[in-house]
Structures are given as structure tokens and as C-alpha cells.
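Next, two complexes with chain A in common: one pairs it with chain B, the other with chain C.
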Partner chain A sequence: MRKKELKLVVTFHTTADAMAMEKVCGEHRVPGRLIPVPRSISAGCGLAWCAPPEAREEVLEIMAEKGIEQEALHECMV
Partner chain B sequence: MNLSDSKKKLALAGVICGIVAACLAYFGNPANMAFCIACFIRDTAGALGMHSAEAVQYARPEIIGLVLGAFLISVATKEYRSTAGSSPMVRFVLGMVLAIGSLVFLGCPLRMIIRMSAGDLNAWVALIGFVLGVGTGVIALKKGFSLGRAHLTNRVSGGVLPVLMLGVLVLALGTTLLKSSTSGPGSMHAPILLSLIGGLIFGAAAQKSRMCFAGSIRDVILMRNFDLLTIIGGFFVVMLVFNAVTGRFTLAFDTPGVIAHSEHLWNILGMYAVGFAAVLAGGCPLRQLILAGQGSSDSAVTVLGMFAGAAAAHNFGLAASGTALDAETQEIVAGAVPMNGKAAVILCILVCFVIAFTNKRSEGK
Partner chain C sequence: MIYLDNAATTLQKPDAVKKAVMEAFDTLGNAGRGASEPALSASRMIYGAREVLAGFFHAESANCIVFTANSTESLNIALKGLFSEGDHVITTVLEHNSVLRPLYECREQGGELTIIGCDEKGNISYEEMEAAVKENTRAVVCTHASNLTGNMIDLRKAGQIARRRNLLFVVDASQTAGVYPIDVQELGIDVLCFTGHKSLLGPQGTGGMYVRTGVKIRPLLSGGSGVDTYNPFHPSVMPTALEAGTLNGHGIAGLRAAVGYIMETGMDKIREKELSLMRCFYEGVSRIPGVKIYGDFDAEERCPVVALNIGEYDSAEVSDELNVSYGIVTRPGAHCAPLMHQALGTVSQGAVRFSFSHYNTEEEVDSAIKAIKELTE
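Let's look at the complex of A and B:
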């Protein structure tokens, strides 16, 4: 089984925001991947962006630049 | 107990739900229909007088229990969030599509899995349509589909549907106002208390595990994530064992008495509409009830849409009929989808495409 690691998890208001995040991060080589929102964070079933904690500034920068609004930022084991 | 921090526990959640469904089938729910959201909403709509198909009228305590189970567990674990405002009328229409597509196939995705576990090959055929429908929904998501964000709202708003469900339960238990079938599927049911307890347990387990049939396939297609599919796997295995042990497993297409038909194209298209609409609405019929229970007014509106769709399916002759054995001639009479039902499914799919490609994330900005 894959070992869980501490990750930066960004949640969004809509699935479309998460999809937009995947697109712009792919285009600008910002590290991370789409994951289902961890159950420890939410009872909802949306998508979240999961990135290494050290990429925090990079992630926030691209979101501000592209106008992608976050719901919340978490650091948790994923 | 945390039912979601490992695949084993997720499978356990599916096993719990499977045991509930198996018990209800054993104690009287219709054969091969142990726990079907679309069928049970249709029966409840009939009990409330929303349609007049006399064979399918019964206020199913399972539906009430699901909503109340999700409501109670979410309040108890502080996960209840009253939210609203994400394109409610579009969701109402998607709810209608979920019900109509399901009643053309004769079952929601939950019953599709139950039918698959009983060897009904029609359900395996329908699975093709369901996966394609979810896949089409995923394409829409990738193209920027969005119904807009929901906002936190007055705490009472999210509790309205659970209270209405409680009201239906009171009417069912304490009055003779509700209609109740004396023959047909609506007359077949487990004892009320058992159905209610089953619904409560199922609802709580589904809320904790986030069980969703459309979501499980969406996650596999989109992220190669198998967490939600693990729950379905646990559920399927329990029902497979139950059907095998109790002699209910029949590997065939035209099996009389299981409320299914073998019009393959319409099985596929019916579940295609359901899969597509479920991704657009953010969850399958079961998940809509659970989300409504934990405070989403948007999902509550989708549930109302399912009630309207179920009523329309019987008022306007859209619902399919199941293959049956003629009691007099002992001949098998094949189930069929009426012309109205075929037209309705085509219309539902067109509506899904219009919704999917006209509601974009950028438009709301």
C-alpha cells in the first residue's frame, strides 16, 4: 500500500474550478494532481488539488494569476 | 467509526449496505429490487397521489430512513451544512431525467448493481450505457461545465426535506391518507420498522463513506481513483453471495418475475441518461438523497425533481414493463419500453447535452 505523506490540499467551490486548476497547472508546470476531496476534510464528493507542501507559493501564485478561487487550504496526510 | 480512511473500511461500508439490502429482500421487498432509489421514490410518489398506477403505490420507509439517517449522522458528527443556490431549477430537471431514465431501464444504479449480482444480463448491458453516460459527463466537466457554487444558508433550509420525510412517515404510520398497493410491486415490502431501520443504517453508512455509483466511475475515469468503487465492490459481493445462497441467482436475459426487460438499446440509453445526468447533478439518485439529508437544498430540489419525474413516468406512460409469466397460458410475456418512454429518453439525453454544454464556469464570473 502507498505510504501517506503530508500534502497541500486545495479545495474549491465547484468541480469546474478544480478542473480549471488542473488545466492551468498542467500548462504552467505547477506540481500536483487532482484527487477526490479527502474524507477528513469534507463530507462532500468534489475534487481537490493535491501538491507538495513546498509548492504552496507556486500554487497560490497561479491561482491568483488565473482567477481561480479556493474554498480552503489544508495540509494533511494523503 | 471512520469508514473512509482505508479501502478495507470503504469495502466494509459497502458490505454493511449490502447486508441491509439482502435483509430487506429476504423479508419481503420485491425480488431483485431489494433497495432501489428510483423504484422506491416512484412508489412513494404513488402513495402521495402523484400518479395513479395502482400497482406501485407505497410510502417506502427506506427512502425516509435514508434521508433521516444521513441527517442524523451528519448532525451528530458536525458535518451538517445547510447550503443552497447552485442552479436549483436545472437540478430539478436533472432529477426528472434521473427518474425517467431509471424507470425506462427499471432501476437506479443501485438496483442495476443488485440486478447484476442476481445474474440479470440486462443489467450488465445497461452498465455499458451507464459508464458511457458518466464518461460523457466527465467530458462536460473537462470542458468547464458548472452549475455554479452553492452558498451557506439558513440552517433551517437544509432541514426542510428531512422534516418533510418525517411528515410522510407520520402520515404512513398514523393515518390512512396515503395510498397503498394491494397487488404488484408496491404491495411487496419488508415490515415497516425493518425498512425504516434499514434505511437509517444505509443512509448513515452512505453518508460516512460517500457511496455514489456515478461518482465511483467518474473518479476512475478522471483520476484513476478506485476508493468509491471499492464500496460498490463490497456491496456487489454481499448481494452476489445472498442471491447465490438463497437460489435467486439466474444468469439470463428474459427472466420472468424480476421486473426487467430485454430491450437492450433502451436499457443502454436509459442508463446512459442516468449516468450523464448524475455527473452533471454531482451524484447518483442515492447520493442526492444523502446530500439532501446532510443539508444541501440543491440536492433536495433534485430529489423533488426525481419525484416529479417518477410521477410523470407513470402518468404519461413512459415507464417500461417487466418480463412476466402469464398466469393463464404459462407463457413468458416479454417486458417492453413504450413508445412514449423511448421518446422521453431521447429527450432526456438531449436535455442533458444542452445543460452540459450551456452551463460553463466562465459564464458565472
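Let's look at the complex of A and C:
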């Protein structure tokens, strides 16, 4: 298995929110990708947005701007 | 990409299915709404699909086949429409949430529920099932196969219990329709729920149910039926009784072609190929130290599914690594089967599920074994 790195992980209430996140991040070149939710995090939806920790502000900004609701925000080893 | 998530949905469909859906777009009007050529084309096609599925499941009549969007819808129609306050239902820990959640709702509304447990291999006890029958028991509701372990429930045995004790027998065939022959009459099945997009190889948004003649189900939906317009209530004649609104004609055209493909190719041939790929994968990964496999691989019959974990690694992490580094598609986490995960002790870790189609190859299986081996090193 590859070595884990510290990541910013955003979880969502629904898959629809996760898909909206991928769409807006793609459109606005916000870094990250969808991953299956790590077990260390309990989440309503099975997908999470995983981004480099340094993209935190950018990620939060686009979510606020586009009205995407997060379930929780984590910094953890993924 | 190596697609090994066929228990979630089969990605590769027969060419005949794609062709049938495309043709349907050009020809189908709304079934049962008038006698124009497009409307009749849709009615004929859908009736033909009923006949094909009735033959496939050995139903007594085409009118016993109801079309729905998927197994979940079929199960909701059946479970919410069959049971009333005070009814006791027996089910198992192998069930998917599409069985469990409607049954929990029934329990909320005054029903009773007994859930039969399983042994360490994930098999149920039929003695326990029969012992659970009470005076107010109405039905045995069970899956044909666990979507997590691939273990099968012996429908012959469960059906005999239901028949002996005068109970309804409701079966979820989501993981087996199209792979294992199901004779509803021989097995004494009262309601069979199936989905079109898994091993039946049809489009998503198609599914259905067989309802034995005389079994009354309160409709979940009412509305447009194309007949009996001035009746304030939805018609009670099958199959219209359980089909309100426009059917997914385009999808059903694909499903009909898919069943035709399976019959032409041979279900036995398809199953043998899938089980041989599964067996090959199982033999390969079971020798790798640190790999834990769930389910009963000594059983005579099982579904082409292998669920495993590597050491204590999070199943989400393993599945993601297989996807990103090897292009191998699997499903991690919980599999909408909460009681099965509890029974196997995999609530926190989840499991990585590999599920095979007859379109997969031995080379793909070898690549998957190699990837697992590398991930454990």
C-alpha cells in the first residue's frame, strides 16, 4: 500500500452534494478528487472530497460561493 | 480498466440491449394510451417483455409480471402492500437495506419482525427459521444471495417452510436473476423481486416483480393506468394494479433483449464462466498472507462474489488504491447490508467486494490477484 499523506477531507450528507462538489471544483480548478470515505470518518455519503491541506481556503471558498453544504471537514492521513 | 463491480451493476451489456434501446427511442409511444401505431408498438413490446420474463421465471401467466424501476421499488411495493398491523414476518441477516428498511417501517407501524442470524461463514439455519414461526406469522422474506458474501439461501428449503406453515414467501433475487434459474412455481414463491441492471444485463431503471395469481398487494402508487379513467380508485386488476404512470418502455425494451441474450447464450454457460473466474480469483487471493475472505466457498452454489480485506487496512483505502494505481474497479465500505457486516465483524473496516461478469477474462482475474499480492507486500 502507498504511503499515507495528510489531506483535507470533506464529507457530505448526500451523493448529490459530492457530485456538485466535483463539478464546481473541476470548473474552477480547485484541486482534489473524490475518494471513498475513509473508515476513520463516519459520513452520511460514501464519497468524500480529498484535497491537499494547503487548498483549504480555496475549497471552503468555492463551497460557500456555490452553496455546497459539508457534513464535516477533516484533516487526516489518507 | 478492469471492471469487477458487477454485483453493483453490470457495466458491459450485450450489443442486443443497446440496439433494442436505440430502436425503442425511434418507435415507442406510450403503452396503453390509445391505439395509434406508436402507442401499440409500446404496448406490444411491453407485453412481449412480460411474456419473456414470465417464461424466464416459470410464471403461470404474463399478467403476473409487474414492471418497476428496480428491486428496491419491487420490495417496497411487496412489503408495504402485503403486511398490516400485528403481522409477524421472518427475515435474515443476509438482507440488503431494500428489504430491511421497509420491514423496519412495517415494525414501526405495529408489525413484528424476527431476523434469523447466521454462522461464522454467513449461512443461516433453516431449523431456526422454522422455529421462529408463530401464530401471527404472515411471511418469510429472504434474499436468494447475500450481496456481500455471495452466499445463497436455499430457496427450496425456505419455500418448504413457508408452504408447510401456510406463509407467504417473498424473495429478493437482485443478485441471482439471470445467473441462477428460478422457477417460482416449483419453489412456491409468492412474490419474486428482481432488478434489470445487474445479472439480467439490462438497463438501469428497469426491474420488476412476479406476483402469484391471487396474492393481493395494496398498491404503493396510484394514478394513470390508461384504463378505467372514471374510477376514483386505481384499477385492481393485475398487472395494472401495481403499475401507475408511464412505464419505462425504452428500458424495458432493453431488458427484454437482455433476457433474450441470456436465454440464447445459456444461463448455465454464463454462470459457469462467472463461477470459474470467481473460483480462480478466490484460489489466488486465499493463498496470500494477510488476506481475509468472507463467506462460504465450500458451498455447492454461490454467487460470483468475493469480499475480502487486507490485514487491518481500511477497505476504502484498498479499493481506492486498486482503482487509482491498477485501474481495477471494486466496491469498498458497507454494502447496504448492515446486519451482514455486523455478523462478520466488518462494521468498521467494511470489505472490498470483487464481483464477476461472464465478460471478464482470466487475464483480468490474474491482474487482480497480482495487485492484491503487491498491496500486501
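Here is the rule we go by: the second predicted complex is superposed on the first by the 75 of 78 C-alpha atoms of A that agree within 3 Å, B and C clash if a C-alpha of one lies under 4 Å from a C-alpha of the other, contacts with A are read in each partner's own complex, and residues count from 1 in each chain.
Here is the rule we go by: a contact is a pair of C-beta atoms (placed from the backbone, for glycine too) under 8 Å apart; a residue touches a chain by one contact, two chains touch by 3 or more.
These numbers were taken from a predicted model, which means no experiment stands behind them.
Colleague: Return first, second, both or neither, reflecting whether A:72 touches chain B, chain C, both chains, or no partner chain.
Modeller: neither
Colleague: Looking at the overlay, what does A:40 touch: chain B (first), chain C (second), both, or neither?
Modeller: both
Colleague: Report for A:6: first if it touches chain B alone, second if chain C alone, otherwise both or neither.
Modeller: In the superposition, A:6 touches no partner, neither chain B nor chain C.
Colleague: By residue count, which of the two partners contacts chain A more extensively, chain B or chain C?
Modeller: In the superposed model, B touches more residues of chain A.
Colleague: Quick check on the superposed pair: does A:16 touch chain B, chain C, both, or neither? Answer first, second, both or neither.
Modeller: first
Colleague: Once the two structures are superposed, pull the chain A residues common to the chain B and chain C interfaces.
Modeller: Comparing the two interfaces on chain A, one with chain B and one with chain C, the shared residues are 35-36, 39-40, 46.
Colleague: Per the contact definition, I'd like the list of chain A residues that touch chain C in the complex.
Modeller: 1-2, 35-40, 46, 78
Colleague: How about chain A: which of its residues touch chain B in the complex?
Modeller: Going by the criterion above, the answer is residues 13-17, 19-20, 33-36, 39-40, 43-47, 67.
Colleague: For chain C, which residues are in contact with chain A within the complex?
Modeller: So the residues of chain C touching chain A come out as 310, 313-321, 325, 332-333, 348-350, 375.
Colleague: Within their complex, state which residues of chain B touch chain A.
Modeller: So the residues of chain B in touch with chain A come to 2, 4-5, 74, 79, 81, 86, 141-142, 144-150, 207, 210, 212, 215, 219, 222-223, 225, 227-228, 282-283, 287, 291, 294, 360-361, 365.
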